[in-house]
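When the chains are written out, they are named A, B and C in that same order, and each has its own residue count from 1.
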Amino acid sequence: MTEMLSMSNNAPLFVGMMLLKLAVVFGVTMGIVAYATWVERKVIGHMQTRLGPMRTGWHGLLQPIADGLKLFFKEDIIPTQASKVPFLLAPMMILIPALITIAVVPFGPDVTVKGFLVPLQITDLNIGVLYILAMAGLGVYGIVLAGWSSNSKYALLGGVRASAQMISYELAAGITIIAVFMLSETLSLREIVALQSGSVIDWYVFKQPLAFGLFLITGLAEINRTPFDMPEAESELVSGFCTEYSSMKYALFFMAEYANMIVIAAIAATLFLGGWSGPLPESLGVVNLLGKVFAIMFFFIWLRATLPRVRYDQLMQLGWKVLIPLALANLAVTGLVVVLQQ
Amino acid sequence: MENLVQIALQNVNLAAIMPSLVLVCFGMGLLLINVFLPRGTTRPAVWISLVGIVVTAVVTVQGWGNPQYGFSDAVALDNFATFFNVTFLLAAALTILMSDDYLRREGYAVNEYYPLILFTTAGAMWMASGTDMMTIFLGLEVMSISLYVLAGFFRGQSASNEAGLKYFLLGAFSTGFLLYGMALIYGVTGSTRLTEIGAYLNSHSSLLANPMTLAGLVLLSIGFLFKLGAAPFHMWTPDVYQGAPTPVTAFMSAGPKAAAFAAFLRTLEYCFFGLKPEWSAMLWVLAVLTMTVGNVIAISQTNIKRMLAYSSISHAGYALVGLVAANEIGYSGVLFYMLAYTFMNIGAFAVLILVGKQGEENLTLEGFAGLGYKRPLLGVAMSVFLFALMGLPPTAGFAGKFYIFAGAVKAGYIWLAIIGVLNSAVSLYYYLRVMVYMYFRDPTEDYAWISLPVSVLATIILAVIGCLYLGILPNEVMAMAKTAIF
Amino acid sequence: METIFFYLVALVAVVSGFLVVRCQSPVNSALALVNTFFCLAVFYVMLYAPFMAAIQVIVYAGAIMVLILFVIMLLNLGTEARKRYTHGVVWAAIASLLVLVNVVFFIKRGRVTGAEGDITDYLIKTEGHTELIGKALYTEFLLPFEIASILLLVAIVGAVILAKKDV
């Protein structure tokens, strides 16, 4: 029986493995963030029978790097009327919650290193799902602060809209997820994946189809993407809460948006689609997870190319009068079924 | 895996919360029904809430002599709780009866008023029957939050807004004290169950002198004393009572005050019987202070509503005397007094409502000039209530004060009883002044605007009957109150 | 190591708590308060109460403080608000110092160990903190838990009555 690697049985190896995992996950995430921008432009381009970026590298493959360089060398402007500290903090406060959420997503089965079991997950919290909700809640601050500290009406309106939207949809998302862990009876993502690992039919998407749909919709709203990208509605608000930002800080907002997209996709994949387990064999767990994440992200991009933006009041109506009641009904039905099955 | 449903249900004893359960169900049902009632239609809401109260009363009374415990001792529906529950229900019923026409007259005929009254009453019931600090605290919160809203119910009137806001801010502050006290007590004893706390403190008597226990007791008392409106935590009372809609003021001074007494009494008696000398001494000072402050300031009031607010402070002081006495007759005196006070105070407020005009409450002493001649029956009713508030025989107030002061004398607090009687004498001045205006001043108006809606009339008649019955034949109710204490 | 970490977080918590009071702009105060809440969440984790930590972040940092920030932003409270509320600072300082002395006194003199409960370190580790809380809520504290739902209902109804233009 191999032991789980921990601080107490082999501290140096534990710290080393932890750093390695952190580095790999961070690197992969940032890589996906960079290329998600390229994919988005290409996919939308082709959907509109355009080609998208073609000049930088083969089929524009170097475009993200070019964009990054461009933003990096741009002049960094801070409006004179801005509140400095919050203005500087805001981009980081958006990006960091997004990145640290990934820490609880398992991306493969346990592997054996030097006689110790090492879980392929940065950390397994027994309150994993709540941790995700908590971090999602913290993400609002960045947007509110960005909007307020810019001291500009567009930014303020964008910030207020975004936070109102996120708070409203967080409720629905939270209630939706409860239905999942009523079935799993655990909050640990690792165990939730294990429970779905039997076969494809064990995936929670089949037991909770409504919850899956609701989660995707609320997820879209929480990361402010089309058709819920009200905070950045160009036609009304210029660029919303990031109107006054430029250079790398602006890039941070963009990175945060894509990082959030990855997070939502990864959580949806883990909670509803079996995470790293299946359909490919366990040893290809990472491929499984990434495949699902990419599929969901493609779906998001597809929606952006297809759907128009909804009006703000309709968005709120949808959140409070449709999604939350549906989520509650789903919760009630799930509870009833769980009780009756006993 | 254990069967979760079984685990959850094994402690449930619905009989122990039946009255509040019925009341809450009526409240929630009424909220739903209100959605479908056309705007301005209030009669159905009034009737439904009254039916709810009557049904609850039937359920409550059936629990007399048949104590129910449940929810792992979080609640006890014993005679003590039942007695208080009846008081709350009476207060709620009388309030609802006199509210409808008043709300209509003032242009705030909003149906949500009635469910809020029901919820307040349910919160009061949880306070009276709670044997767990959490139950008491949450009951207090349900009650208080409904009251904050009710106090600020007239949104267009700045006085009402002020009342709501002031009550809310100070109430939240005092709740902080209460909760801090509960936390300290929990820290000392490791339990929130009142009986367990008492047993633990009893078996570890060194803890009784521990500063943390004492601080817990003091903070807890501050929280309750604020709700009682006892000095020096009475500052909110005049403004809130004056600004709130009159029926709400009447309700606030009767039901919730009784609930605070119930919870305070139970907590002291269950948890802190080992510290009886200490809290008796503390309450001795506060009772004297409360009676005196209330009475002295009431003397200089010309607004009757405000005068009644200050007098309600002094009445809390009289009732505190019963807590100081801490014997059978003192405690049952408190129970009796709260019931009696419900009748006399709500009755007085009902008369105030009738004498007011639309938009102009007409609450000054001048507004009562010659009322006794122009409207003799109303004058007689008001006189009965004022006599009761003064504590003169043959009314409920006399009997109540008699029992409470008798308890104090029996417990050896002769001076306290003397101060109480002196205070009652002081109170004669400002109550009698109202009667002087009613009977010895020439009427400046003919009081033609006073109409007598059946519901308000019913309130007044019921209150008069209550005042006289409890005053003339107090023995029966007093015997019940005696079986109600622990 | 845990002690060092505790003192580090405690220092941050106290400093941010102080900043809440001292900050010039209300937004900064609110942010400092968020920081304090976050530090409290860390303490909960260190006390083997991860569920409490998550709830602390979700409810206080994630929901309540955002609303407070909202209000501050929309009212655009500036320095004039600060001026209005700076009377009696000295008395407030004295009062808080007294409270501080009091608290320290109680903690030092109190030396209360409290009753031994059924919940031990070991139980938390084996059964899980979240499970234990869930069980307690649905057995021992079922009634308070249900009353809390009524409390929330009343609060919602009350807020709507007071805030809506015409009910």
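The rule is short, and it goes like this: a residue touches a chain if its C-beta (ideal position, glycine included) is under 8 Å from a C-beta of that chain, and two chains touch if they have at least 3 such contacts.
Bear in mind the structure is a predicted one, so any value in this text is a computation, not a measurement.
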item: Chain located farthest away, centre of subunit A as origin (C-alpha); value: B
item: Innermost chain by mean C-alpha position; value: C
item: Centre distance in Å when subunit A and subunit C are each reduced to the mean of their C-alpha atoms; value: 28
item: Distance from subunit B to subunit A - Cα centre to Cα centre, in angstrom; value: 53
item: Centroid spacing, where centroids are CA-atom means, of subunit B and subunit C in whole angstrom; value: 32
item: Junction residues of subunit B - those touching two or more other chains; value: 4
item: Multi-partner residues of subunit A (at least 2 other chains); value: none
item: Subunit C partner contacts - residues on subunit A that touch it in the complex; value: 83, 85-86, 125-127, 130-131, 133-138, 140-141, 144-145, 147-149, 156, 159-160, 163-164, 167, 170, 187
item: Touching residues on subunit C, where the partner in the complex is subunit A; value: 25, 27-28, 31, 34, 50-51, 53-55, 57-58, 61-63, 66-67, 69-70, 73-74, 128-130
item: Complex contact set, residues of subunit B against subunit C; value: 4, 7-8, 10-12, 17, 24, 28, 31, 70-72, 74-75, 110, 112, 115-116, 119, 122-123, 126, 132, 134-135, 137-139, 141-142, 145-146, 148-149, 152-153, 155, 164, 184, 187-191, 200, 207, 210-212, 215
item: Subunit C to subunit B touching residues, read off their complex; value: 102, 105-106, 109-112, 114-117, 135, 138-144, 147-148, 150-151, 153-155, 157-158, 161-162, 167
